[in-house]
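In what follows, subunit A forms one complex with subunit B and a second complex with subunit C.
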Partner chain A sequence: MTETNRNRLMLLIAIVMAAIYLFPLYWMYITALKSGSEMFATPPTFWPSVPQWSTYAFVWESRGMGRYLWNSLIIASGAVVLITVLGVGCAYVLARYRNGWVDIGLFLILMLQVLPASLMITPIFVGFSQLGMLDYPRLAVIIAIAAKSMPFFVVLVRATFMAVPMELEEAALVDGNSRVGAFFHIVLPLARNGILVSAILIFMQAFGEFVYSKSIIQDIELQPASVGLNSFMGPNTNEWNNIMAYATIYVTPILAIFVLLQRRIVSGLTSGAIK
Partner chain B sequence: MPHSPSSGPSGRLLPAGERLNRMADAPSSISSRKGLPAAQAPGNPVRDVGGPIKRLLSSVRDGRGFDIVLVAFPLGFLFLMAGLPLLYNVLMSFQEVDMFSLGTLMRPFVGLKNYRDLFAQPETLPILANTAIFVAGSIAGQFLIGFGLALFFWVNFPGASWLRGLFLVSWVMPGLVVGAIWNWILSGDFGVLNFILREGGVISGNIFWRSDPNYSLYAVILANIWLGTAFNMILLSVGLSGIPADLYEAAELDGANAWQRFWTITLPMMRSTIGAIIALGLIFTLQQFDLFAAITSGGPNNSSNVTQYWAWEQSFRQYAFAKGATISVLMIIFVMIASVVYVRSTRHEVRG
Partner chain C sequence: MTKQIELSGVNKYYGAYHALKNIDLSIEKGSFVALVGPSGCGKSTLLRSLAGLESISTGDLKIAGELMNNVPPRKRDIAMVFQSYALYPHMTVEQNLTYSLRIRGVAKAEAKKAAEEVAATTGLSHLLGRYPRELSGGQRQRVAMSRAIIRHPKAFLFDEPLSNLDAALRVHMRKEIRTLHDRLHATSVYVTHDQIEAMTMADHVVVMKDGVIEQQGAPLELYDRPANKFVAGFIGSPAMNFVPATVGEDGRSLAVDIGEKQTIPLDRQLQPGRKVTAGLRPEHLHFVEPGQGVFRLPVGIVETTGSATYITTSTATEVTVVDTTRRPVGAGDVIDVSIRPADVHIFDAETGLRV
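What follows is the complex of A and B.
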């Protein structure tokens, strides 16, 4: 078998495997386009006979998706801003020095990264209710998400700072820059891409966050799309085409960002988690 | 990926960091420079005209203070929002907490009563067993499928890395959406999975994945395997690409076949990566909550309930906050043990 033929065969097998793996995603998009009766047909159709494009508008209107997505956007953006402002400097210092304190700090941060949100929500909820934070539920969720996701961000961004050559910063200091000046003019611009990718990963995580929002935000006007989807799926629901249309509207922007930035996201992810 | 302490970035960074400190500290105040201790001696007035506040500001702008400020705020924030809740959780697990005492800090202490009550409950042991099955099943599935895919994509062909990255969509999607999709795929009468299994001759009658107590836990495991396989595969690919190619060339010259090469080179070389990934899988699996909320809600009759969902259910469905805290404390201790394993197996990489 020649090299080209082997490559073609491998590519073909890879595409088939990817197709099988991504079938659930395909099923979501297809179900959203089916009519109420076609959805329950036996055998199921793998291509909608008459695509029902109007389902999207109907679900958007009837479920008030604009409001849900807006809340998701506020929560995710707030969490990303808070995490970035606090986390970048922390990652920088943890990347620049190595001594016992840095090791302890890193160890504590890695430990915090592993605490399951559904277990931490009990003390956070009780504490927040005592502090009166539940009156600002979205802010409370932003803070809780920031505490949950910042360790992950710090680990990723630290890997980026490790790749910035020390000599450049030193040269800037010799040239008369202050530490602040060197940090903002030399180090940050060099680490910009890594920070951006990590921030996008955090954004995607926060955009789909569920446990904290479900537990803290009682007011339906302030709930994000994940909680909206949860309340859409009652125990005996049969509106699967509408639910899948909701899911489609919810995840398509995330998937689009991911496919566009795939290479960077994958490399940023692997540099932090293993290296 | 072995790192000897004297080579690589770690050996280079240490002296560089010290050099940086000295340089950075030098302009901030003369008295702080080593070798001039006389300037700090009592009776010898400090020649710094700015006073302590100005010195502090200049240190923040141009010295050690800069680093301390950068680290103090995030660590303080993490302590307040993650460390304190952790301690508060332990406190609550020894207290009696109800809706009326929710607002106070000093509630009646009950000693180990919450823990005793927990283990006296009939559903505790089945739920712990479910958690073990969920963790073992999910990790086994994610790891084996992920490893198989990683080995396949390791053979470099055009488009391999792009297609491999595409698998990660399962990981970036919100857990609740993944749960919703699988809820529909696993539906009893009209689910497409039952249709495929029927056509394939695997089953003769429909399996009621979500409502049959024998299957409900496996329904969630199935969805969780799908969700986590891609992440395992990507990390395993990174590990595979770190194995030096000449090892395989040498083995091939010695006449080792593919199977022998896998057992004698690939697996031993991947040992630390595999350890890290399994520990990471344990951590992620114990964090899985959304799939339970979206597929079975722990039901029917707790047959698919696991501790991380049960703890939330106790606090936010039954309003038994003390019980929720008690379950949390036990699980968090367990997760922390797992994370020590993870940190240890990535130790040289973490230290760079």
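What follows is the complex of A and C.
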């Protein structure tokens, strides 16, 4: 087999794999545009004969999606801000100091990452309820998500900080800066890409978070879009086009962010964001 | 002459590891001092202690007469050039140069003027707007130097600044750094593992090993009168030949054991029968007519560089001879060489100290 043929075969395999992987997404988009009868047609149609654009407006209005998305945005932004402010400092310390205690700390942080949300929710719920935090359910969810996602952020950002050579900081110290000044002038600007990428990943996670929101937030007015989507579901659900329209409205902004920043995200995850 | 840097009884421990042992060193204002030694000898630790990047465990460290033991780097008024140059990647050359000035609150226009002046002297004027990643190795090196110069610090510290450059550029930058030092009347401390750099650049060379200063002095003093076997072997290239020897019964000759025993005269009186090590510099061994020399040596390997020929013998204790007369020699030949008695270095066989 020649080089060109092998490359073509590889490309073909890649396309097939990508198609399989992206099919559900495609199915979501077209189902949202199908009419009630076309949705259940056999054989299924792969392109809606008459796109039902009005479904979007109907779902947006009837489900009160503006409010759901607003809540999701508040929760995700709150979690990202909290994690970034606390996590950057934590990651920096873990990157710059090496001793037994730091290793233990790192191990505990990674342990936290292992525990699933559905396991954690019970103790968190009880604890929050004791503290009276269930009166501020969105704040409670923000804190719970921050606790859950912090390890992921710290581990990623620590790697970014470790890629910033110690000598640069030392040069800044000799040049007349303090430790804190060197951090803000030299280290932070150089780690900016890695921090930004990690924050975006956290944002996307938090935007779709379900378990904590579902359990902690009882008031429909305060629930995020993930919980709103779940309330569609029932034993006899058949309005798939509406559900898919909801899902489309929910995930498209996130997908758009990802596509727009995809090059930065990939390079931020692999390199150390230096140079 | 005033002392710009003074260390007395300085020790540094990392846990149980004793990195610097009782260092006494004083550096005159305006002198160029090289710290040289094999890797792990503590020379970088010593330099970093001067900068304040490491704290010393015991002893006194004074810069310009002031005790600096617990003073943070930013208040020591010293500049350092790092091995990796440590240029701030997110700043242009001009911003790199003016960073220290901006921290000190120097006005923008003034800082810019200072950067332009320094850049003019180091040939960077046309590069002020570039980022470090857009520069060649030599240019980065110059930026690192300029960043140190712009502050007029009390001392310049260099941490192996030339080791990332290719050979030709290294020789060139060596001269440039020395010229700059002379022009600025600066005090410089220069760490290197390359004894040639130390010998060619410095007024005062400090040879270190395992955290101890083995010897310090002017370059030729170290070459002519090494205090011990380590310094003798470290200074000079190719390295000094060491051969086991015994002082003859008259006390004025040396029985040298290079495969076969040969006797060389001494220019001083030593205790008869004493076991010593004779140090013979390759460049001090001269060719003589057959039968006239003190050594007859079988030739093993011949390496030619054009200017000199390095001949390694096939004797049990290998001896290197440097010849600059282009005498035709091949492997398997037997050569006759001689050495002036004054050029023979003698070290105690056990302690390695100069006799």
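Criterion: the second predicted complex is superposed on the first by the 259 of 275 C-alpha atoms of A that agree within 3 Å, B and C clash if a C-alpha of one lies under 4 Å from a C-alpha of the other, contacts with A are read in each partner's own complex, and residues count from 1 in each chain.
We take it that a contact is a pair of C-beta atoms (placed from the backbone, for glycine too) under 8 Å apart; a residue touches a chain by one contact, two chains touch by 3 or more.
All values reported here derive from a predicted model rather than from experimental measurement.
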Which of subunit B and subunit C A:Ala79 touches, first, second, both or neither: neither
A:Met133 touches, of subunit B and subunit C: first, second, both or neither? neither
Contacts of A:Ala171 with subunit B and subunit C, given as first, second, both or neither: second
Which superposed partner A:Ile202 touches (first subunit B, second subunit C, both, neither): neither
Between subunit B and subunit C, more extensive residue contact with subunit A: B
Contacts of A:Val211 with subunit B and subunit C, given as first, second, both or neither: first
Touching partner for A:Ile186 - first (subunit B), second (subunit C), both, neither: second
Subunit B and subunit C footprints on subunit A, overlapping residues: 167, 170, 173-174, 178, 274-275
Residue ranges of subunit B in contact with subunit A within the complex: 1, 9-10, 12-14, 16-17, 19-20, 23-24, 61-63, 66-67, 69-71, 73-75, 77-78, 81-86, 88-89, 92, 97, 102-105, 149, 152-153, 155, 157-163, 165-170, 172-178, 180-185, 187, 189-190, 192, 195, 199, 226, 229-230, 234-235, 237-239, 273, 276, 280, 283, 286-287, 289-290, 293-294, 297, 308-309, 311-312, 315-316, 321, 324-325, 327-328, 331-332, 335-336, 338-339, 342-343, 346, 349-352
Touching residues (chain side subunit A, partner subunit B) in the complex: 6-7, 10-11, 13-15, 17-18, 21-22, 24-25, 27-28, 31, 39-40, 42-44, 86-87, 89-90, 92-94, 96-98, 103, 105-127, 129-130, 143-144, 146-148, 150-151, 154, 162, 166-167, 169-170, 173-174, 178-180, 183, 204, 207-211, 214-215, 226, 229-230, 233, 235, 240, 243-244, 247, 250-251, 254-255, 258-259, 262-263, 265-266, 269-270, 273-275
Residue ranges of subunit A in contact with subunit C within the complex: 165, 167-168, 170-178, 181, 185-186, 189-190, 274-275
In the complex, subunit C residues that touch subunit A: 51-53, 72-74, 78-80, 82-84, 86, 88-90, 99-100, 103-104, 133, 147, 151
